[in-house]
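Could you have a look at this structure, given as structure tokens, before my questions?
A, B, C, D and E label the chains in the order they appear, each numbered from 1.
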Amino acid sequence: MGIELDFPAVLERWPSFLDGAILTLELAFFATVLGAALGTLAAVGRRSHSSLIARACKVYVEAIRNTPLLVQIFLVYFGLASIGLKFSAFTVAVAALTINVGAYTAEIMRAGFDAIPGGQLEAAEGLALSRLQIYWHIILLPAVERVYPALTSQFVLLMLASSVCSQISAEELTAVANYIQSDTYRAFETYIIIAVLYIFLSLVMRAGFWGLGFVLFPRRRRLGTPL
Amino acid sequence: MGGHLNINHLLFLGHGALWTIGLSLIALGGGGVAGFVIALARVSSLKSVRLLSAIYVQLIQGTPLLVILFLGYFGLAAVGFQLSPLAAAGASLTLYVAAYLGEIWRGCIESVPKPQWEAAEGLALSRTQRMMKVILPQAIRIATPPTVGFMVQIIKNTSLASVVGFVELMRSGQIVNNSLFEPFAIYAIIAVVYFAMCYPISLYSQRLERRMGRGKFNLAPA
Amino acid sequence: MQQDIPSASIVSLRDVQKSFGSLKVLDGVSFTVERGEVLAIIGRSGSGKSTALRCIDRFERVDHGEIIVCGHRVDSPDVNLRALRQDVGIVFQSYNLFPHLTIEQNITLAPCSVKRMALSQAKDLARKVLAQVGLEEKLHAYPEQLSGGQQQRAAIARSLAMQPKVMLFDEVTSALDPELTVEVQKVIERLAADGMTMVMVTHEMGFAKSIADRIVFMHRGKVHETGPASILTSPTTPELAQFVGTADLKS
Amino acid sequence: LFMLAVQPVRADLLDSIMQAKKIRISTDLAIPPSGMMDASMKATGSDVEVAQLLAKDWGLELEFIQTTGATRIPNVLTGKADIIISTLSVTAERAKVIDFSKRYATLQSDIGCLKSLNVKDWADLKDKTVGVARGTTQDTTLSNMKDKELKIARYDDDATEVTAAVSGQVDCVGTSATIINQIGVKNPARTFESKIPLATFDLAVGLKKGEPRLMEKLNAWIAENIKNGKLNAIYKKFHGVELPTDMRG
Amino acid sequence: MQQDIPSASIVSLRDVQKSFGSLKVLDGVSFTVERGEVLAIIGRSGSGKSTALRCIDRFERVDHGEIIVCGHRVDSPDVNLRALRQDVGIVFQSYNLFPHLTIEQNITLAPCSVKRMALSQAKDLARKVLAQVGLEEKLHAYPEQLSGGQQQRAAIARSLAMQPKVMLFDEVTSALDPELTVEVQKVIERLAADGMTMVMVTHEMGFAKSIADRIVFMHRGKVHETGPASILTSPTTPELAQFVGTADLKS
């Protein structure tokens, strides 16, 4: 006798899958928002005139980009607890994911900044705009528009990578799947279902980012340049 | 259980690191070849081929590698293909890497300026000739830095191969920790080892990028 | 795929129409080019000159009308593109040499790959066409080691190596500064003297006047006026008069 | 019911094991004290010794198929391993997917808490967070106690759960008494003790459904080694306590 | 930071020196521009024209010498840059419109951010300056939807919106084709007629002749000859004579 796939036996647990998918989306959402902010700061920091700040930002970016997320999560989770700081698994997961995606965002944003032609900055200076105004209007906004596709791909990858948060007791989609499959021993059904769910979630995220880009970048909309 | 970190533990970790390197090479080799095919398929003149390869890329890029590995190893066995863990991990990583490299390389092929395509066309070169003799040689140069950069992702992602029974670096760290319970020290060591493997590659890719940024083709005339 | 169409013309366009989206770029263009003739297309920016030229080599498909080039029915969907392009050489404003190949390799690529010419023979040919454009000594250089004018001459040589029956030039000097422009113009003049059939889009009125057997003035997607080079000095339509006037004013 | 049957076509499993002179046993080597590594990174633990004993008695070469908690079962379902000896507790739900032998050991689980914590019964656990290994029978048992108002933190395995307890992420755990005691050894500042008994589970060897001859031989082997006391000795060596009286031989 | 310097000139340079590394680009440049005057700077490529212009708006810091612009001591390290740049408008060869903003947003950005003008008022202003350059209908277009000439006119309008006391132009037409050049030149002529003080670097001798009150001919980092537009037809130095000669030859 071979293997029999019995999807209904697993699908009847759909409320758990739903909870897991929602938590995965929540993790991705918070880490995306906070990571975008952190990454932008780090990218700005790398252009800082203070070499100390610039170097600190570089060390942060390189250290994170060259080590696995799982190691980072363990270090944050157990490290914080070892020095007596206790946070919920959700908080730690969001923090670790933020730190992780922040480094990637910083690198992408940096490329966006570098692509702004020098003439743009001179034109802005010639119009008497302040440093801060130049940063916002002439550097940041166009850079985000330019690197938006790379950023969104990174955030979708982050959502997929958030599956390792199951290791520190965050009950996201993979954790739910692991629970269900060890409870029922129906591993194939479970994994096939979460594969479908993850594909669905990533499509949802891409659609969301597409809509956001539609609102944020009226020029792309008007000129029909694809995002 | 218990005890303190000793040389055996470190040897065990070293052994895991070797597997990490081996898996990475397999993934890069297999994924490179398959990714090349995907990249060509993505810019094919046949709409159906373009569509199929696009779907493939979307599916793979929408699924966590862990799930791909699991389904690759046990799923294939369930339908009658008994693969060794090495073959299964190699196949799964190949599928995964191919989707990402294919997409990166498609971008590089398409970033060869349009006039170059037209000039080749104007010289009556066939489609294959245009691709092989004019476009790809230029695309390869553009593609080198991002490809090297992606290798870092491959190295880190091989950690998920533990699901099919591989005791690579990450898993060997977990095993050591589970008999010592020194998470901070052990994961710090793991982090350092990964960093030592990945950082030189990142650095190299950045250097390539900068050199390319200065532009052009730094070819010494043969 | 040479077809049996009774026509002495090497290039003939009849009522060609072409739109990009809602923009009608060619609105019934007709003209012919005879063997050994040099035709210059002039007109304001956006009047459809480049598009007309690109249609001749089938880089754009026409919506309507008939184009016959060296016996190929270019407007037909099943024209043999590679055969067509062996008969037609085209050179663009941006020289488009292949940056990863030496000048020699740039030139031998098509004869070897398309015509299956032996490499040694192709190399001889390369030397010959480079001599034609005065660049023998640059055989082994890479494009980036050449000045703009030299690159453009090399691009012309690359086209010549396919021994086309007609050459198309699209503003081949407009990215060059005055000195280099003269260099490239001399090469083209020599080709004309050797009897090459040519169609060229150009902004340089002086050059058009001195080299063209016939002028086609395009305006808003139509051939507005056509005739010998003398129409540039005595235009019959006010549009050409104004165009020639402003063109003079610039220089 | 959507069912997908996939090809069987295999000889009797017992025959093929005996023919190969080799048995492949799926064991998780990262769940002390059942499967773990000793100081020289050799496999050891109660399940490891049980497996070694079985191979020796049957005159077979032993191959451990390294697995994680999640892949213990798929390994035998897909024929990558012959049997599982890896702290599998028997439940009715699981018995729908694989066959279980007779029990070869039991697992006494308790709720263990920080010694200083004043916990005497379930009421004291209200609003406390209890760490467990995800999907274990302890997890299922606790998860079903909806009325007890516990918070459960699920980790991938016992080791991560212990690490969480050692480092201070949780003050209570639901696991075997052996593991509860281990926490204080790793960090004397955080000594745990058993506070409330949870349940006793039977541990059994897992195998693919439809292998009656192998099952029979396994059951006979287990009965024999319970009688001669060898299984009890192994258990005591690693868990510090003895099996229930009827299993001490 | 208006300072009390007794000078009727809007711009005055005195013995300005500037090197890039070991290359001395400005070697003692002095000239002044009076209110309402149009000054054209001409000279060969590399003679330091752009650098001189950029020093006036403090895009480069001078090594030596004195620059006073609308009362600002530009050579001093603690000049108030933003105040200076509110008095000076500068337009470059590459138009540098902000690609992600509409023309209207390009124009209102600085008045709103720098002068804290109300948006509605800034929009009125945008309409006004666009009318000045003949582009009213492009208010809501994005830069890339405009032709080169239109983009350059929009860039001029953007500068005008800050109501500068003096405008600097650096070869604003040299990336444009003849027709578009005429377009932009007309706009500048109108500004001159309206009494705007202007300093312009240009290659177009005809234009310089027709619009400039005074010409500065730079040669090797020095002001080699200066005088009214008539010096172009009767140069006193052989260098200017030669320069005017080749410039004529080009056109």
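By definition in this document, contacts are C-beta pairs under 8 Å (C-beta built on N, C-alpha and C of every residue); 3 or more make two chains touch, one makes a residue touch a chain.
Values in this document were obtained by computation on a predicted structure and should not be read as measured data.
Looking at subunit A and subunit B, the chains in contact with each of them are D.
With centres defined by CA atoms alone, the chain at the far end from subunit A is C.
The chain pair B-C and the chain pair A-D differ in C-beta contact count, and the higher one is A-D. Work out the mean CA point of subunit C and of subunit D, and you get 81 Å between them. Here the CA centre of subunit D is 82 Å from the CA centre of subunit E.
Averaged Cα coordinates give subunit C a centre that lies 39 Å from the centre of subunit E.
Centroid to centroid, with C-alpha atoms defining each point, subunit B and subunit E lie 53 Å apart.
Shown for subunit D are the residues in touch with two or more other chains, namely 6-7, 70-71, 74, 77-78, 160, 163, 167. Looking at subunit B, residues 70, 74, 78, 183-184 sit in touch with two or more other chains. Across the assembly, subunit C contributes no residue that touches 2 or more other chains. Pairwise, the chains that make contact are A-B, A-D, A-E, B-C, B-D, C-E.
On subunit E, the positions that touch subunit A within their shared complex are 57, 59, 81-83, 85-86, 88-90, 92, 94, 96-102, 109-110, 113-114, 142, 144-145, 155, 158-159, 162. Interface residues of subunit A, counted against subunit B in their complex, comprise 2-3, 62-63, 65-72, 74-75, 78-79, 82, 156, 160-161, 163, 174, 187-188, 191-192, 194-195, 198-203. Of all residues in subunit C, only 44-45, 178, 203, 246-247, 249-251 touch subunit E in the complex they form. Put simply, subunit D touches subunit A in their complex at residues 1-8, 69-71, 73-74, 77-78, 93-94, 96-98, 131, 134-136, 139-140, 153-156, 160, 163-164, 167-169, 209-210.
Within the complex, the subunit E residues that touch subunit C are 147, 177-179, 181-182, 249-251.
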